[in-house]
Each structure stands twice: as structure tokens, then as C-alpha cells.
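Before anything else, here's the structure in question.
Order of writing sets the chain letters: A, B, C and D. Residues in each chain are counted from 1.
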Amino acid sequence: MKMSRIYNIAKKIKFVVFDFDGVFTDNCVFIDENGQELVRCYRSDGIGLSRLKEIGVDLLILSSEPNDILKHRARKLKIKYINNCRDKFKKLSAEIRKRGILLNQVAFVGNDINDSECLKKVGFPIAVADSHRDIIKLARYRTKLKGGRGAVREICDFIYNLKTRGSA
Amino acid sequence: MKMSRIYNIAKKIKFVVFDFDGVFTDNCVFIDENGQELVRCYRSDGIGLSRLKEIGVDLLILSSEPNDILKHRARKLKIKYINNCRDKFKKLSAEIRKRGILLNQVAFVGNDINDSECLKKVGFPIAVADSHRDIIKLARYRTKLKGGRGAVREICDFIYNLKTRGSA
Amino acid sequence: MKMSRIYNIAKKIKFVVFDFDGVFTDNCVFIDENGQELVRCYRSDGIGLSRLKEIGVDLLILSSEPNDILKHRARKLKIKYINNCRDKFKKLSAEIRKRGILLNQVAFVGNDINDSECLKKVGFPIAVADSHRDIIKLARYRTKLKGGRGAVREICDFIYNLKTRGSA
Amino acid sequence: MKMSRIYNIAKKIKFVVFDFDGVFTDNCVFIDENGQELVRCYRSDGIGLSRLKEIGVDLLILSSEPNDILKHRARKLKIKYINNCRDKFKKLSAEIRKRGILLNQVAFVGNDINDSECLKKVGFPIAVADSHRDIIKLARYRTKLKGGRGAVREICDFIYNLKTRGSA
């Protein structure tokens, strides 16, 4: 697909939905002797997400992981989240209906096969650089940067620049 | 060895046994001031292991490390484990006998010289990309991805695809 | 700009001000299930900072992050710090006035767009290797090493060598 | 220097002394909100160190860091350690005298300028791959692998193979 077409799709985006593990993180989990988990996120995602919110783009993190770490990260970033989600596309559909927007106004950012259905359905499917190979095929945009190492910021900058400057 | 021969071996596998450190992890250990340890695992291993179990492949993690972290990881992944194992091949032999299967129906995934005997004996010996050089020589398959960075998922996808689609 | 001109600027530096996240760290944050944060710093920064102090260069870490981790790191390194800073250039100006020095005697080390104003104003603006692309344009010196992986030490050695040996 | 000469030096080594940070670790330190520190070590160092001990090579970790993490790591690896050391060469000399051996029977493994004196004096000075540039010049052997990512194991295997097989 031509880059100019992708620009036109990205400019219309009103709602960006992110998977968490592998997108906000490097897809790793640290585990201690008590079974407590840690993940690694990227500090500079914060500035990118803030700027998207300032221009009215709605944001959501949607994860199948039951773990509470996502809650803490989402609160610090001041964006909405849903964790422990069994059926991502069902949940995504409900969130879209609530907002009264269309699927082609939605971007979804994923990295693994449980993101497949969402990626197939939204107007702007995005895969992080180090996604599973079956996911990369489904994306209209593959980030240059890896999950947890700038991918979220790259997506935010891309959409922000298109919407404010008209170019990426 | 020809790839077609490896495909034939992999298709017959009924039991996959994994070392833990360096296979599920990046072979590092984080240590705090109280001597508490943490390791780093890969989130996407979970989907790969689930799919292998769904098609009836039996799974086990076999480690010489006494540490309890493995227990927590194995429980979250819902697969069996043995830690603090002095003699890996002896234990592996007992587990094979229990299942009434043959050595050529077993895959073993290792990364260091204490995995040598198991790798020499099983039908499908696998080394992760960043294994010790003496281990790489013993393997019929060397993963493209590193331990703790996709190696387990790559092995699961490889066997799953061969068994369900007939191709890798 | 010619390297000889950069050498002349660097020799005059009396005050080096560093951003924290992305400069002293790899710009990542580890988050546990209680929302507690960790960051990753570089051990060898300590020797570089000590040597700069020994020859009378003043040092400060200036961060917008509210988190207390910076406090602990700064105390161990025995250098001054300001965290939770809303307006970095305002604070920087006050610190410069206090010292009775000029902007062209100041180096500022940053990695993201909230460092832009400081970088535009000081005599020696420095960006770490893995800075945001809009920041790299503002720098007179871009480190070869990444933030949290030697960038601070590289800057210390660069200024120290110029001031003591006359060459980098 | 010719490799054959290095082999002759390595074969005579009776005592291997290691710096800790940057040699056993990747030279990073993780810091949490209470100022508690963690470091990252390499699991496979253990097998290499055990094999050297089995053939009678004496081992010591010598660090200037006051932190207790080294104590926990050294105990797990069952090797001696000295931390919080102000003058490394003085301490090294005392340890050599205690053992009744000569400087040319000693290997020292370092990564930064506080290791300089020890490296200049011992018979077999070794620098890890990612050492400070001033240290690399002092070494007769530079590891292929980085500190905390296999450097210690590489050194152990190198000396072990020379002493047991006569080749590296």
C-alpha cells in the first residue's frame, strides 16, 4: 500500500487501542522467588501519549493478562485500561460502540496471534517491529522501534505529526 | 542433515523436555541485596506451549537449579516441572518410562554442558541460538531466537505447524 | 561544526547539567505488581563524575520525574539533583545565576523534547546516542554510547581529557 | 603477542582474580524507590568456575563496591570474595603472598580504570569485551563475550581447556 494512503487512514484515527505486553513492554516478564512479576516499560511513551490526548485522540490499553502491573502503568500514564480480557475483539467492539465511532477510525497495536482478530477488523492495524511473523502480515504499519523500546512513542508521534503538521 | 529428515523427526515428537535457565530465560539472574533472585522470561512462550498441549504433546521443564522461581513460572504456564535435579538423564529416562514412549519420540531443549547427555540420547535434540559451543554441535535444530527471547515459542510453533499443517 | 570549535567550547565548561531518565538510565522503567518502580543505571558513571568534580566542574541532575529513585542514585554518586521539575529551563537559569556563571559555560545533556529549551540555550548542548530525533538536531555533541550504557561516562571522560590533557 | 605465548602464560595460572561489576555483571545496577540495588549476573558462569576449582585453580572476586550483592553471588558460586576494597593492588599483593605464589602465576580480570594497577602487575591481565578503552590496552587477552554475558565463563573455559587438553 502506498504511504499516502496510510497517511490518509492515520489522519482519521480517533481512537488508538494498544495491547500491553510486547507493545508497552519488551514482551518479557521478570519473576522473583515469590512469583511476583515485573515488566519493563519505556519512559518516553508518556510524552507521546500526552500529546495525542491533547489533540483529542482517545486511548485504551486492552490486555488478556490478569496481572495488576498494567493498572499501575496505565494510572501513571493517565490512560484507560482493561486487563484480564478473554475476548479482545468483543471488548473492542463494545468500546467502539460506546464512543459512537466507526472501525475505520480505530487504530489497534498488537504483537501476537491473540491480537489477530482486532487487527483484521480495524481501519489502521499496527504491529510493533518485533511482532510474531503471523501478525506482521496483518499490519498496515510496522513500527521501526521494538515494543517497550520506543514503539508506542513512534506511533504517537506518527499520528500526532500527521494530524498537526499534515506530514509524518 | 536434510531439513526433510528433521521434519519427519519433529512430527513424531510426543514429549518435549526443556531446560529452564538459558532456555526459558536469557541465562541471566538478577540478585538483590538480600540474595533474592529474579529471572527474565518471555511472555509469548505461553501461547506456543498452550497450542502444543491442545494437540496432545506432553511438556516438562527439567532444571538443576534449586531456586523456586521455576515453580512459579511453570504454574503460570500450567506445565509440569522438576527442579534441583542432580542427574538430568536419569530423571528424563524415568519420565519417559512412565509415559511408555520411546527416546525417538522425545525432544530435549538445552543450552549448556549439563544438558549434553540428554541431548545425545533423545530423538530430537535442540539447542537455543545462544547455547554453549559444545552444545550446538549436539543439536539437530538450533533456534534462530535466543533463550528467553522467543526460543521456546519458536520450537512450539515449529512442532505445532509440522503436526497440524505438515509444514514449518 | 568543526571538532576544534567543539573542543574550545568543552574546555570552558564549568557546570554540567544532566537529565536523568534516558541519560543516566536506558530510558526504561521496571514496574512491579505494587506499582513500585526500578531503573537501570551504569556503574562506571561514578568514576567519570568523580574525576570531573576533582577538577572543579560542578554537576547537577535535573529531572521532571517525581519518582524518588533519582534521589538514591544522586546520593550514591554524591552529586546534586532536582526532581519533579515542571519548567526545566527556569530551574536551570536559577541554578546558573546562583553560581554566577554564563550560559556558554554550561553543558546540558538530554534525550527528549522536554529538554529542548535547555539544549537551545546552553553553550554546549549534548544528546545521548539514542535520543529522540528532534533532540539530536539541537546537539553539538552526540554521544557514541547510549543512555544508561556509558553515555554519562563518555561525556565526563571527554570534558576531563580536554581540560587535563588538552585533547579528547 | 603471539597466541602461543598467551597459551604458555595461561597454562601456568594458579590464581584467577576477578573484579565484580562489569565482569560478573553487565556493569549496570538496578535501583528501586528505597535505594535497594540489584545486579544482573550470568547463570553459566557457575559451571566454568566449578571446573576450574576441580583442577586446583584458586579463585577470588575483588571489588571496590561496598554493596552486599557480591556476597550473595560469591556464596552461591562458592568462591571467596573481598568487597569495599579501597586499594585493589595492595589487597591483591597480600592475597598472593598468603598463597606463596608469584605474580606471573596470577590472572586478573577487569573492566575499568580502578583495575589498572592490578592489570599492569599480574602475569595474565584480562579485559572483558566491553571494558573502558584505557583498560583494553593493558590486557593480554580481551574476551569475545561481554561482562555479565559470558565473559567469566569464556575465561574459565579458556584456562580449563589449556590445562586439561593443552589447547583452547
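The rule is short, and it goes like this: contacts are C-beta pairs under 8 Å (C-beta built on N, C-alpha and C of every residue); 3 or more make two chains touch, one makes a residue touch a chain.
Because the structure is a prediction, the values reported are computed rather than measured.
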Which is it for copies chain C and chain D: same residues on both faces, with over half shared, or different residues?
different
Tell me which chain's centre, taken as the mean of its C-alpha atoms, is farthest from chain C.
B
Taking each chain's centre as its mean C-alpha position, how far apart are chain B and chain C in Å?
44
Could you give the separation in Å between the centres of chain B and chain D, each centre being the mean of its C-alpha atoms?
31
Touching two or more other chains - residues of chain B
30, 38
Thinking of each chain as a vertex joined to the chains it touches, would you call that graph a line, ring, star, complete, or other?
ring
Pairwise touch list, complete, is A-B, A-C, B-D, C-D
Write out the stretch or stretches of chain B touching chain A in their complex.
30, 36-44, 47, 67-69, 71-73, 75-76, 148-149, 153
Parts of chain D lying in touch with chain C, wherever the complex brings them together:
21-22, 25, 27-35, 38, 65, 111-114, 132
